[in-house]
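Read the structure below first, then the notes.
We just call them A, B, C and D in the order they show up, numbering each chain from 1.
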């Protein structure tokens, strides 16, 4: 039985609910060698900032049990180069594109959004207010309702009313629902859940932090239960807000779990590192998992865990 | 263009402290050049190890009886390499090949010195054959901590014009480091290009020695990698571009082979202040 | 070379830094079948409340990648039975005992502490203000500096000045250092880091939450990077405060990582489920890991990750 | 007193949809009685599976040529059981044995009916032998979804006085459920005690049928377990104590065998309001 994979992410309609996770797919070009990136829901690009950025010192990665820590530090070419190279390529390629943007302060977010606004290749923005790889924890806007709202409001003012805007939140907070409320209140159409958890690992020889940035972001299957909980909580708190769910998804059944918990679409991140064709594979697996349960569409399973609760 | 291949482990032979693995599969050898590497997934789909492991390609043979084959040399010394070395013939291994930029080969038939440290010798006989085929003179020097960490010495003896071995403990060849014998080999061999693969400190010394004599050096670096295909920005190191600007450059797609004089050796593990997009005070 | 495993946990001196984690060792009796519990640092007992408590409905456990979720819900016999059976047995057995206490409100914590105060078998208290398995998230005292401080102050008033008191904190907060400050300020001698992370998993057949309590606490190696980060952060913020570290410890090298990050002692929890003799094994492994690095004592490695940073 | 044994996998034989495993090791069979279970660690020390898996003991043989042996029957249908069923002879398996409280045996030589569902038959011939040795009459009924999910039928035929088989699809024996044939077997066998092992719904029906006829029932329940040794409180179910009070009782140490009339069947998966320490309104 054929399954209708179309997904609505607010006003964005997607071929399928499968997206890539920001920072784990660059701008899709490399993955396009392994599968046709126009055949999944879309590409969420690496968070881009106003100016070129070197990122943090190496080592930038540690493998941990069923996960990994990264301290990339938002390395990127800056928004102008991004538009000239990455966005142009994505436009030519015809891939549905959600652009992730970041900044050191609300003003930089606004500037980046200004440069990108109205670009025909962009289906929506993901506002990364939750990157743990910043020198000053205070800069994690998503840790505080007010600063989170401020950034979202700035970006909203730049991109114009109701252009699709997703705020990406951090799980490292006392109440993620509270932050979700505040960003939606400030003009976000939806939220992306979750960014990495702040973590650390020590070098077994030197007994000092391994990562150049000392702390890093924990991702991979290890964090999936935290991500499912976050999606479920926010869906319960905000029944109608579009949610992009992510965190440790490596199979179709994992993706189905996120949809059932309340996600309208899901992002595949770390799984790409062990299997570059993971997004396409997961899309196929999701289709058969849905069919195996006698559902006919993605729409039918979204938020189903909340029915009759 | 890399292929993701479900390969069959054709052979797994212990050689000193290393394991020599032969992997068979369709397209696995397509487009492979010396200096390319492969990445291998560790464990099954539920594996706690979420990143692949990178290995230099020792040899690639398109179209054998069992389809194409590809050979690597594994030093088991961690969870993933231990797992790989322990796999039995017949198991299916998820391989992505080829990855990275290979060694640049000289246009003219010049004299080349190939320097390897430890398992860094894995790609060297493959490279030597390509160079010889182009009429280049090939000299080689293999170094290691001890004899059991030398690989492919016989093959090197066969193909090299001048060949030297060094070990830190003197268990084989000259007691000492490759850098002790390289200067003479440069002289005797009238070296025009030096190729090196091995630990970073060794690569640094090779690049330095080459620079002193205006010899072109090509070094294959080894940085920790999460994706191996260019999407994650884990594997960067400070490299000086043609425009003279230093960038944190991905070694998995723009390397692993770099010109020795382009690597900011003194700044490895840091972000040089003059690097493109380097953090202002207070850091990122 | 012999290693001196003695550890100082504030005024408590331990044979070794290896403790059991509350709720994963009951009161030591079952584990005593697998190793001599008097030969490790000590037993931290299952959190005890004033009255008998049934805990939550089953299922109470889900295995997750390199971890597990539990929703036990503090099942226990109540403090009177605990004193009569468990504490008596521990006293006779001569095991160093840290008693974990819990309550529905600050007053109940005080009542439990009152009943236990002065008991000769008790070396110290661990105040569990961070159990995620409560119907009302608001009841997770460790999520708010004020409520955390209130509970600790009550317990302090019950047990008398400077009797060893450790506040067990939750990682599900925006700033764990802030909570640590507040509990130390309120009279805790030290802190225990970390309790489980709030998580959830769905049943693959019904697509509803598996756990009877819907959400549960995530433990095991999966959370180790978060725990190491928490210990490192709190150690950096409070250089002299005794810390009991835990979260995914299953080997001697894991234990060493926690000590280096700043823990004065460590608790072994989930690892006990796959290997009931884990605490003893980890103690042996830790000894050889320390020796292999040419240190002579546990004291030498505690907080070493912070040296010259 | 349980022993943690590094056992050697002596044999691994596929039987229908199950795998029959023989584990050899010192002390592995010590003190084992019918109804006891073992727990087995899954994977190596880096395994992503952090909890052990529980299996009824099919047979225990102290002091064979290879030391003591212990047999279990595994139904591969998840990550851990799949792993275990896939292990090759010679591998080392971490086993804790024996665990739990075994079946209570009657003092007098009475007539017993043994009821099994699926792999629930694993401990039944072992139990039947113990009962026969005490002069008890032993009747048996094995039920399963289909023939390939029946285990140990021949042994049961040999030892039982009356023996029945039921399958949901009629592929073997009577088409239907064990509860369809139990009433007659009670009558014909003048059953005094009924023992049951299998899925919870089957256990419930056996307990109910026994109760109607004032027959004592002993059921081995199957609750999800994290530790298997009594320290975690995962495996509880509401059980009525001798004092008439219901407690959330650990099936790993106070069970898995309970008197059928002591299990609060209607309240499984809940905490009955009258249970000791049950939550006030608003819950815990």
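Just a few scattered comments:
Criterion: contacts are C-beta pairs under 8 Å (C-beta built on N, C-alpha and C of every residue); 3 or more make two chains touch, one makes a residue touch a chain.
Note that the structure is predicted; figures quoted are calculated from it, not measured.
By count of C-beta pairs in contact, C-D exceeds the other of the chain pairs C-D and A-D. Computed from the mean C-alpha positions, the centre of chain A lies at a distance of 34 Å from the centre of chain C.
The centroid of the Cα atoms in chain C and the matching centroid in chain D are 34 Å apart. A straight line joining the Cα centres of chain A and chain D is 47 Å long. Taking the mean of the C-alpha atoms as each chain's centre, chain B and chain D sit 56 Å apart.
In chain C, 65-67, 220-221 are the positions where the chain touches two or more neighbouring chains simultaneously. The set of chain B residues that touch two or more partner chains comprises 46-49. In terms of inter-chain touching, the protein chains here all touch one another pairwise. Listed in rising order, the residues of chain B touching chain A in the complex are 1-2, 4, 41-42, 45, 47-52, 94, 96, 223-234, 236-237, 247-248, 253, 268-271, 275-279, 282-284.
On the side of chain C, the complex with chain B involves touching residues 65-66, 221. In the complex of the two chains, the chain D residues touching chain A come out as 46, 48. Of all the residues in chain A, the ones that touch chain C in their complex are 62, 64-67, 69, 137, 143-144, 172-175, 197-202, 204, 207-209, 215-216, 218, 220-226, 228-229, 232, 248, 253, 256-257, 260-261, 293, 301, 304-305, 309.
Note for the complex: chain C touches chain D at residues 23-26, 30-31, 33-34, 46, 51-61, 63, 65-68, 70, 72-76, 78, 133-136, 212, 220-221, 250-251, 270-277.
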